[in-house]
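One chain, subunit A, appears in both complexes that follow, with subunit B as partner in the first and subunit C in the second.
Our next item is the complex of A and B:
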């Protein structure tokens, strides 16, 4: 399980989990989970197009996920943001369907783009993931306070000179960047569950924004590592384990906050007396 | 230091071909408590957005310290009417107030003892210290108002604008917020401008009133502005100003009354 062949898998999985944990926190906070679904899944059309043209699928993913981010941000000026997201998404899926129909041997590759191919990954593929991952995390850390203010209290942020549309665009582009490099590893569907599950669980566990991001990353890491180990041992698909473990964390988070609400004051008093 | 903080000179705003504000002139001075009063849809929110620098004017000018406003600056704090934030949002009251200091700045700031004490002091000043560690989304509307006032004030603004802070509050909540604001205006010399559709809760503390109706504004001391003559001219129809039991009612004749005002009496409509 820890052979040199598997080493790249562990590295790539770790990078993907960190990226998903950080971007997912803001996706959930901003109510952009639909965009977090649409961008990776729509970008899959780009990989299909790149395959047709004989290009590296990464190029297609990057172009399509960036186009998706621009489309959602642009259309949101005129329409409600969920409608804008849906329109962008169906347009990308439609183009993807056309590309797949033109291609003769695409079905196998399509499967791996949707569900990932974390076990076959090579060292040369890990490096760009790590670099781009570091870039997108650095951008989010740099923008942390304005992004937090603009995500949670958009009207107040605007009054303080933080333009909401520009923040939306930058955030969607970071999500697109994160998507284009993680999709070939964990797949579009799993990237979505990794962005949402851990972040949603983390926000039930703590009221502190910084701690919530850290927890979101930790839960994403545990999910990915456990899924890789379980998938390696059982030969069952990675996606199955990512989905199940992610859902289990989310339910545990809900149970925790329900229990906290029930014993509410006792718990808070106990916590206060400990300080 | 100039004695005038903010001045609007003959400001007009058109949005999508509709005239929202016409010929609005008013001056705000440090330490002054101004009530921006008027019925719903009169243009109060647009006027607030003009003062914040979020709404461009079609005609006229907005001056800060006698200089034309270039872009948004830190001299103005803003408290919105409603936050619309989910109860489970991972953001504590103290995080929101801390974002009032530097929430618009990029880069990383590490937590510090000095910052924590500054936030605690501000929360104490607005009477919100006891829920400092609660999630902002779990608080009531009145509690959220206090937190947002602390968020705005911690950035040391010279002008504080509040959009309908008394809507959705009960009477004790109203009095609590109004007295906090009046105290801060006097103690810190901050100019406070607050919009409301009912002027009565503000009567004891208002230095000046800016009465908005039909896109136009009458500014001055309450007793000079809230009169049958001035308000009838502003509304463009006859309205009566009635004072009963220390309360002021602005009453329009039944014909041509605006159905939006739910304070309507049986035979007449109370418009402000």
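Our next item is the complex of A and C:
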């Protein structure tokens, strides 16, 4: 399991878990669950297109996830954001279906892009993943306070001069950046579970934002490591384990917070971010 | 003239059996999805609708694994997920979205497993592609009556409940005060949504059924006044996009680069999104900033 060809997998999985844990916290806090689902899935079309043109899949993923983020943010100006997200998303997927139907070796390629192919990672792919991951974490750290404030209390943030639409755009672009590095590893459909499950579990465990982000990262790491090990042993798809373990953590977190009878998590968190 | 016409409609289009079935089923399903979609958009449940479609994927791949018709898989998982989402309850929308998302993630994991196991035991390549992106031209005639009857059931449910659905979408408190059983109505609506999503999953695939559900309804709600007109316009857009999509997919058989036809789902989605974008250009169209929490303030005309 720890032989040399698996080292890349462990490195990439770790980087993916860290970035998913951090971005996921804000996705859950902002209620951008649908966008977190739409951007990775839509980016799949980009990878299919890049494969068709013989380009590096990262290029296609980056272009399409950025286009998705811009599309969602742009359309949301004049329509409800869930409708905007849905339409941007289906358009990208439709294009993806077209690309896949054009290419010749489509079935296997599409399957691994959607559900992840963690064991096929080469050393040359680890470096871009690490760099892009560091960039997206750096952006979030740089924007931390205004992003937190506009996520928890949008009205207060606006009154304090944080433009909500710009924050939304920045956040969606960070998500797009995170997506373009993680989709080849965990797959488009399951990048989403890794962002939402651990972050939601962390939020039901603590109201302190810093601690919640740290917990979210730790849970994401445990999820990914356990999933890699289980997938290695059973030969079942990685995505299955990521989805199920993530959901189990969420349920455990819910049970914990229900047992302690906590409520008003968002407000406590908002109050802390104001301090 | 005749040659021009031949470029628009390939010879043999209406004579082909699979095309006729696709057109008939496509029409019924497009109407159902569009009408149900008007309520989905009004109630701000696009994500729920999309999640039901994706969870239906799990059912479709499970059905593929045990070798029964995929429609039953779509239907069983869609209805089950709808019931579960109703159990999670109508709390604040953010919490609901997160819970929906986690259920969706787990279901997609199962789908990955089913597809993996399915491809281990059979030699059918491209099954995952069919389940995800649809296969309108391979509908078997024996399933057609089932599809049409379920579509009509979903349509009738929504039409009968239309007034209470709108009222409870716009003001749940007012609806409850008037003695509307808000939860029961919501559950019945989610079931209708699950059925219509399972149906469109058959034709354009689970992942893209969101297009037929949300696109026509969102466009119609921008251009038409009042829910009845909006439903009619949405149904018209849905049917037009489906027919044109089938026609273009049939025509595209000889198009470059691959020479084996472009997918129906691509055309349907592009046409629907195009219609939505065109609705922005309409003179006097209302550029509105709609609040994100529709439970509090959202009138049908604004959505």
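FYI, the second predicted complex is superposed on the first by the 261 of 275 C-alpha atoms of A that agree within 3 Å, B and C clash if a C-alpha of one lies under 4 Å from a C-alpha of the other, contacts with A are read in each partner's own complex, and residues count from 1 in each chain.
Everything that follows uses one rule, which is that contacts are C-beta pairs under 8 Å (C-beta built on N, C-alpha and C of every residue); 3 or more make two chains touch, one makes a residue touch a chain.
Computed from a predicted model, the values in this text were never measured in an experiment.
**Student:** Under the superposition described at the top, does placing subunit B and subunit C together on subunit A give a clash or a fit?
**Tutor:** Superposition check on subunit A shows subunit B and subunit C fit without a clash.
**Student:** Quick one: subunit B or subunit C, who's touching more of subunit A?
**Tutor:** C
**Student:** Thinking of the overlay built on chain A, is A:197 touched by subunit B (first), by subunit C (second), by both, or by neither?
**Tutor:** Once the two structures are laid over each other on A, A:197 reaches subunit C alone.
**Student:** Would you sort A:206 into first (subunit B), second (subunit C), both or neither based on which partner it touches?
**Tutor:** first
**Student:** Taking the superposition as given, does A:237 touch the first partner, subunit B, the second, subunit C, both, or neither?
**Tutor:** After superposition on chain A, A:237 lies in contact with subunit C alone.
**Student:** Between subunit B (first) and subunit C (second), which, if any, makes contact with A:146: first, second, both or neither?
**Tutor:** first
**Student:** Is A:160 touching the first partner subunit B, the second partner subunit C, both, or neither of them?
**Tutor:** first
**Student:** In the superposition described above, what is the shortest C-alpha distance between subunit B and subunit C in Å? Please give a whole number.
**Tutor:** 7
**Student:** Can you list the residues of subunit A that touch subunit B in one structure and subunit C in the other?
**Tutor:** Comparing the two interfaces on subunit A, one with subunit B and one with subunit C, no residues are shared.
**Student:** With touch defined as at the start, can you tell me which subunit C residues reach subunit A in the complex?
**Tutor:** 41, 44-47, 49-50, 54, 93-94, 97-98, 100-113, 115-116, 119, 125-126, 128-129, 132-133, 205, 207-208, 210-211, 214-215, 218, 222, 257-258, 260-263, 265-266, 268-270, 272-273, 276, 280, 287-290, 292, 294, 303
**Student:** Would you mind writing out the residues of subunit A in touch with subunit B in their complex?
**Tutor:** Per the stated touch rule, the residues are 29, 141-146, 148-149, 152-153, 155-162, 202-204, 206-209, 211-212, 257.
**Student:** Can you name the residues of subunit A that touch subunit C in the complex?
**Tutor:** So the residues of subunit A in touch with subunit C come to 28, 31, 33-34, 36-37, 41, 77-83, 85-87, 89-91, 93-95, 97-98, 100-102, 104, 106-107, 110-111, 114-116, 187, 189-190, 192-193, 196-197, 200, 236-237, 239-244, 246-247, 250-251, 266.
**Student:** Taking the touch rule as given, give the residues of subunit B at its contact with subunit A in the complex, in rising order.
**Tutor:** 52, 54, 71-72, 76, 78, 80, 83, 85, 88-92, 95-96, 99, 102-109, 133-136, 148, 151, 155
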